[in-house]
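What follows is a short report on a single structure.
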């Protein structure tokens, strides 16, 4: 009876109370994802509200630096500043069709919460976002954005008071209010049908890449490179190309400060690279855990990658060898952040900066023509960058450059 | 395999390792002395998605205290009680240890049943087989939202008792008994397995109402975990109150033969 | 010999040293604005780099609130978060064609400076941005953004150390380095050919509105509403419709805290509404000045509207009655900022919040079908909004909503 | 109309109202005593785009001191000098007062020339006409970048003297004489109007070089404005130094008839 498996990964490891809602969701998702009315409505929202299709940009300076032709898929231009809205719009619209009255979501840095608050406002649904109390302190502007858009942002004080705990708490809310509430999971994680559904909502990225690539270069890229936290931008960019064996798919995780873990924490978020088989947040997948099966606290400079699990389908694709896992560490990512800003006048989020770093490192071994999925903009990361880049850039403030 | 007594049973729950690792066997014994018929011993997992704040906090503390699966089995082995024990934990710990080994380890320390709140029947093949093989009961939860066909499937696999979730939400002591409790009890009453009601039970009065409503047992957790800081005597007393309530409820209840029509 | 006049407004009131460069610029602009190669190159950059066309969104909740059909022209989705890039890309590309080696620009809040730094990075040109020292203090993230993108940001300490002074200083740099340097003016102000050129580069907004309007509604809107600081988004949205007399054009200025001025300061930026004829920064136009002709310091909650002058062509269009001038004060703008955020999940910049406020106030007197030019996003204004909206929204932080 | 003397002339500039409103007529007189042949009196405008830091700051202070066009004409009227005065200001102040009235007011207080750094010849119709009508000279600036056809047009309208901008940039004291100075001087030497060189002149030595290079006069501003804080005597002395330099330059220069070939 077990459903939604990808080579053994995936499944539905959730409390019984939620199972019926998940079954209902699965039915609705299968119905609507084949329903032209729904798809047209979603496409129209993605276009008129979200700003799709997003641009496809040949980055001349970066290409010259890397020594190969590099294109950027510009999902950072999507409304809200990241690919997250693709999924949030899809799920909130689906929930509305299902007759749900209330939307809940977890958020770490606030990106998915913001996207969900946006989609909920646009579609006129009530929205509550759970966020670790510690994350709320660190991300006041995003908390404010969500509240401006009418969402209730509820602090989670348990555990480490960060993303993991916010997910747990949102699961609890869902288990309590499952009848009228839909939980918008923010990545290709969680119990089936979420990994497949979120992938489907995000796969508009890859479909656009195909079309734009054929138009711009008359062929498919040699490599597509995307960062992987939960893996939604990754699967969104890759899914369309799974059967095009000639297109290499590189998933770049956060190497953090080191790939060495101890018994309680991983100073990285590299579950595809160093995680092993386990069950987290409703799905079997590769996770960062200790020998006993306790989940390790992950770490990354980039809040959006800072997660101990990864999408089950991505885990399967890595095992199959179809997707190549890689990491970029904090320093490489920060360096790539600066390089792309200076070379092209595009300040990337720290998450896709990991993908950029991978391309800077691997160069033309990725082929003659590489696409980076630039899934978010860096405005949210300016504080972090100011602290990290520090005085060099800062010294001039107020006294000329 | 797990068996409940003929009289209305009390199944207290607590978190191994809280308030301390050392107190774990003592707590089991205190429950036994307080009239518990089965003790559910939580093996703490870092992501307790089905638990409310009280138990979450106890779990966090237990982990900080150094509770691990190895220590868990050791400490449970130290407890000197006759009543059967049940292990409650999340699936990742079982998977990581190896499903078969986990069940064997349970068996070896007197654990006769396992409850896994994040393992719905659909994902239970491996654990079910190991439990069958080693003679350990696999307890499933039935929720107010459980559909008829799911109920059917759950009942095919459940053993020891079925855990009737009294309300939507998470574990945690509440002030009343949810109306949903009776609905679920009515839906499971035709199945030939003991029914234990949990989620929110905190008073003798609750226990009485629940048993009167058709349950064979009550499960209470948060209320004991809350009392745990105050010392082991406290929980013995609370156990007596709940057991007393259950017994009273049993006397007031229609005979199960009658209700089984 | 006087050139670039709009009913007497406009012209070229600049030091002699600059005149030859301006003549050269005018020639180049006239040549390239009729050059298909240049236009195609610019269009490609606007599309692939900038993200044009921007979306055109029927805002359902706002429409219901206003009682008339309201569409938003989504230039806030443009790369950089405001319409400013349309102009910066155009001018930097033109300068490159002209063989200039260095780009300079003034900036107030940092929006135009950021757009110019972006365009310069994208087109691989050196860039120096002058910014009032006071503004730099207030806008650290934008200063950092510009520096990240490789621009030199130079503080201006003279005068009030704000936008006006930065413009003066940039003019001085230009007068000094005019031979190899192009000054990218950020709005439809300054000496001819800037007002016409910036208008032309921005008028892609109106062309898209026409096309999208015909597609969405089969007709032109009854009114187009845009905010006016210098007036570049305004002219960009309006220019295409000047001859369509049935389309009302509303230019909404910052009413600030009051429309009353004294001898030294205007607590508003309403030059179209209360300014009078004068010469500022190279052009004759409506300006905020005292009886002796000294320029008044303008004020607005929104830094981008905080300017004592306005584009000469817009001044002429107001005199002719073609464009209707209006104001929205600080409070109305902040209120509109919140309403649009909550209704639609779109957080506008404070500048176009003035346009939204006008529509909220005027309602269906604007007709059955209204387009608001949403020329910038509000991320840059979150601090200001947090301070202004204050405790109501803030009280929940860290303790639940 | 403005006329320069036959000998190499000194034209100092300062900002009316700086360091104080009251010092304005005194400064004019001090320049006269120091040997100035014409005094350029700046009427401060809030947006001095053609001026460097020294003069900008003086302008800001003068405005704070309450200098206005009305006060300007009053104070200039109080000065007791025989030498001609020139008004230097930005166009908005002229336009706001009314071009004709502005020129009349100049004339009435002994101002015989007007320089407007943000008014290129192309925009000068109105002011040119008023100046012609009231017999006031309109001085234009010629820059190193000025093209031949622009030069032609400027020279058609210029009177009193042509202001030769010694270098690109803004006003401000500099340490040397720009090579561009001589290029521009050469280009204007064929025109029958006195040539005054300004922008950066700060020393007697500069004045000497410039006049030797063909100029009929030197204009110096920032150096005087800088000295102004130290008192009126200072500026008299600086004026004497510059005038002396100019005279020496005149003796060393090739005769203007010769250079006029």
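Letters A, B, C and D name the chains as they come in the text, with residue numbers starting at 1 for each one.
Rule of thumb we're sticking to: a residue touches a chain if its C-beta (ideal position, glycine included) is under 8 Å from a C-beta of that chain, and two chains touch if they have at least 3 such contacts.
Note that this is a predicted model, so its numbers are computed, not measured.
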**Asked** In whole angstrom, how far does the Cα centroid of chain B sit from the Cα centroid of chain C?
**Response** 66
**Request:** Round to the nearest whole Å and give the separation of the Cα centres of chain B and chain D.
**Result:** 98
**Asked** Where the CA atoms of chain A average out and where those of chain B average out, how many Å apart are those spots?
**Response** 37
**Prompt:** Mind pulling the chain B residues that touch 2 or more other chains?
**Reply:** none
**Asked** Touching two or more other chains, which residues of chain A qualify?
**Response** none
**Asked** What kind of graph do the touching chains make: line, ring, star, complete, other?
**Response** line
**Asked** Pairs of chains that touch, anyone?
**Response** A-B, A-C, C-D
**Asked** Which bits of chain A are touching chain C when the two form their complex?
**Response** 47-51, 54-58, 60-61, 74, 77-79, 81, 117-122, 124, 133, 136-137, 140-141, 143-145, 147-150, 152-155, 338, 341-347, 379, 382, 385-386, 393-394, 396-401
**Asked** Where on chain D is chain C touching in the complex?
**Response** 45-50, 52-53, 56-57, 60, 63, 68-70, 90-97, 117-123, 125, 140-147, 150, 153-154, 165, 168-170
**Request:** Over in the complex, which chain A residues touch chain B? Could you list them?
**Result:** 1-3, 11-21, 23, 158-159, 164, 167-168, 171-172, 175-179, 277-282, 284, 287, 289, 291-295
